[in-house]
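Sharing a structure with you now.
Going in written order, the chains are labelled A, B and C, and every chain counts its residues from 1.
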Amino acid sequence: MLKTLLSGDYPRSRPLAVVLVLMFLCLALGPFLFPGTRAFSTLGMICVFVIVVASYDLMLGYTHIVSFAHTMFFGIGAYGVAMTMEAMGKGFAPIFIGLGASLLVSLLLALLLGLLSLRVKAIFFALVTLAMAFAFLSLVTQLYHLTGGEDGLRVRVPRELGPAFKPFDGELRGFSITTFLGGLFTDPGNLGEVWRESVFKARITGRDLMYYITFFVTVGVFLFLLRLVNSPFGRVLQAIRENEFRAQALGYRTVFYRTAVVIISALLATLAGVLFALINRYVNPENTLNFELMVFILLMCVIGGMGTLYGAVVGAVLFLLAQNYLQDVLKWLGGGLEPGTLLAELVGPERWLLWFGLLFVLSVYFFPAGIVGQLRLWAGRSSSRKQDNGDDTTVTGEQESGNKGKDGPVVS
Amino acid sequence: MSAPQDTFDADTSNRSWWERLRAFQQDKPHLFLLLIMVMVPLFLMNPSTWAVLTLSGLAMGAMLFLMASGMTLTFGLMNVLNLAHGSFISLGAFAGATVLTMWLNDYTSGSLWVNLVAVVPALLFALVVAGLLGVLFERLVIRPVYGDHLKQILVTVGGSIIVMELLQVIWGSNEIPVPRPEALRGALLIRDAIPVIGGIALEKYRLLAVVLGLAVYALMLWVIDRTRLGILIRAGVENREMVEVHGYRIRLLFLAVFVAGSALAGIGGAMWAMYREIITAHMGEELMISVIVVIILGGLGSVRGCFYGAMLVGLINLYVGFLEPRLAAVATVGLMVAVLMWRPQGLIPVIKV
Amino acid sequence: MSEPILSLRDVHADIDQYHILHGVDLDVPAGELTVLLGRNGAGKSTTLRTIMGLTTLTKGQVRFQGRDIGGTATPAIARGGIAFVPENMGIFGQLTVRENMVLAAVSGVMDEQRLDWIFEVFPPLKKFWNRAAGNLSGGQKQMLAIARAVIEPRELLLVDEPTKGLAPAIINDLADAFEQLKQQQVSILLVEQNFNFSRRLGQSVAVMSDGHIVHRGTMAELAEDEDLQHELLGLGLGAHQ
């Protein structure tokens, strides 16, 4: 059962598996474990960005196509649904019409991009997508009577997905992990009190429904992508990545495969954009189309581990937690420092991106396979050490490289 | 190169104008496009507006050329795509602005001479600071990833985040106003400059930008066409291995070019700072789009192509910006896509990519 | 025989994951023209590239004038006195003939006398002095490539298949040029597939197969022994006129 679900592509590292299961549980039970709107919106963003990053990984990690237009497709989805609802009013019909329309637009643009990549070579592609994404951003910003310009659009979701809607009257109990752990830390003697404090009343509203829709779509998309990359199609993609020329010589129409990847990835990003608009209920150029957002996606993908898909989950969770909470940590760290000094500036809460950028560059140099790739590498190493304990060391070396080959995603 | 030219001259007499135009478009696509770019708007606006826009467009083009030339050479010579080039532009802008602010505060007299001279140390400081960052950047960030485009893209994007954040650490995250020297404010009024058009007002600063851009272009062409260093650079663009086989250390050559390119980006950034009179750490990132369009238009690795590409982008920005401001960016990118469909290697291709 | 100017001992080299050279032992006597023969894919070009440091030496030793140059960077090897004319000639097509020569004169000044001599040997170079080198014909490009290698005095010349794709008349001109170089006591290592051309020029000879040297000797010896030729090179009788 699990094997079919995961398409036989297991985490292949015990720590990784534990982390992933924890993440899955936190996301699945999220509204009942983390009270507060900030936590709630972080959970939603994580789900959305898992789709965004995983679909980006399909291009970057599995096919080595560097595109800077991923946010463009994300934005098409977000604005597509926001604009249809602006024009047609509340209701479920506009959502589906918006979804369909933006998928269509994305399909056409992705096809155009795919065809353009026929004309130009890989490195050009990166630059051309960058320029196109910028043109799109400027168009959205300038056509303010349609898009609201810099101010963006408020998305009026149907009542059933809003906070005012209560599907049933009763109350559920939630258990705040953060409060519990915090209490455990500060007041370990008074466990009963801590326990009681941690329990909170959770009311199910339309927003929770929206969250669970997003969550299940995310799980579905993720499993679909796992299936895709482990199918014959995915094998061809990896062949193209390793040696496009040879893949061509074997008779694969690489152009078809590359275009297909660009299109699939674009459509999934569009879907994520639609979910984003509905769960965030507000879209503007900054939160959907900005170049900075594109860089963030790149960061999540690479730090998590290119070409592993699981890396998309790990990367998105880590990055969004950092984006939302690292500032607090830095504020706490810098609290003792004299304000105004260079050191205080360096660890200032608004400088969190500096540290993430540094982490990113270092990880490209030293852990090019990202967190997931590195964990798998260690797992492979320790298991092979266990197998031939005391044997000739060269054997271990060979097994290691064998494991590496099986992993595939190790970036050369 | 000269062979087709000869035949072209030889039988011009028995060719129709149409054939001549086609030959011109084939042989000199950059001039052809520039000519069209300049002529078409003449029908869409009144001549004196056109004159002002053209000068502004050329001024913007000149500044873009300063910023883009380094990146195109870096790519052409060493096949390195430096997406952090924009952060060098930002650094130059902040360095130049700092000097200008200090200089102009000390000499509040407003003396014309002091005012004018303030530009020189500002540009020099921008050049030196950006060049120094270039040395560091080449050693620390780019050297480990030669020959790997994917990693180059990732690492230089990461590097640009770091530099951009450090700029904010040093200069703060807010917009900074840049004083433009008094002597460069205002415009030169030329009465009855051209018979039909009448008087035109040429903004002084834009004239300076055009002059500086042309000067740097001329200098670069001289270095590249006439000097031994230039021969080496051209040879390196074509075949790095053979340059090494002749006994030249191409890494050193590349470091020199990289630093020169960074320094030029710094000057371009400082010029841009004085032009917009307000700067942010992210200005380089925004300019990178234009820079990328410029180098793609010109053909990666080509300094001449870069110059014409910059002028084209500057002009289309100003013309379209006047006719329909909302479409300026779209027109710029549209121009790039159109040129790529016409000539996939850019206007003056140097290397096969 | 005096001390060889270049000697390779048990040289191994890889290209990507392929092991190309499996322990090459080769001596190039000073002041002589040595021909390296062998079929396609025997590893001749890789041997030259490994000497120049263009392909990484994974094991073994390359000694040039008594110094170990294995693992040295290509520019340093070149400045040490080895000139290399690769199989594709490595002409800078966008540069003029003059600029190609200026670059080849590493010291920065071109010796007029030597240049006159080169013009004498290769007259087309003078004629097309200011033309883009990319517009030259194949034979003229080969002349330029060799001219670049000898514009300054070098200790050793590595030339990879200069006759490839050239018309017989031009091959004759090239052979004359090599004769002249031989008279100047330049040491040359010539990789060839054209047996007639190499028989005319070669003094000593080595034959490669599958990344090894399988035969060493003098050219005179090999030229006499048709069975050996057949065995080593697979030459039919027709190849001997």
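Everything that follows uses one rule, which is that contacts are C-beta pairs under 8 Å (C-beta built on N, C-alpha and C of every residue); 3 or more make two chains touch, one makes a residue touch a chain.
All figures in this text were calculated on a predicted structure; none of them were measured in a lab.
Taken pairwise by the contact criterion, the protein chains link up end to end in a single open path, with no chain closing the loop. The central chain here, found by comparing per-chain C-alpha centres with the mean of all protein C-alpha atoms, is B.
Comparing the CA-atom centres of all chains against that of subunit A, the greatest distance is found for C. Subunit B and subunit C have centres, each the mean of its CA atoms, that are 44 Å apart.
Centre-to-centre separation of subunit A and subunit C, using mean CA positions: 56 Å. Taking each chain's centre as the mean of its C-alpha atoms, subunit A lies 36 Å from subunit B. Those residues of subunit B lying in contact with subunit C across their complex are 1-3, 228, 231-232, 234-235, 237-239, 241-250, 350. The part of subunit A that touches subunit B in the complex is made up of residues 64, 66, 116, 119-124, 126-128, 130-132, 134-135, 138-139, 142-143, 291, 295, 298-299, 302, 342, 345-346, 348, 350-351, 353-354, 356-358, 360-361, 364-365, 368, 411. Taken in their complex, subunit C has these residues touching subunit B: 52, 54, 73-75, 78-79, 84, 86, 90, 92-95, 99, 102-104, 106, 108, 131-132, 135, 148. Contact residues on subunit B toward subunit A in their complex (touch as defined above): 81, 141, 144-145, 149-151, 153-155, 157-159, 161-162, 165-166, 168-169, 173, 285, 288-289, 292-293, 295-296, 325-330, 332-334, 336-337, 340-341, 344, 353.
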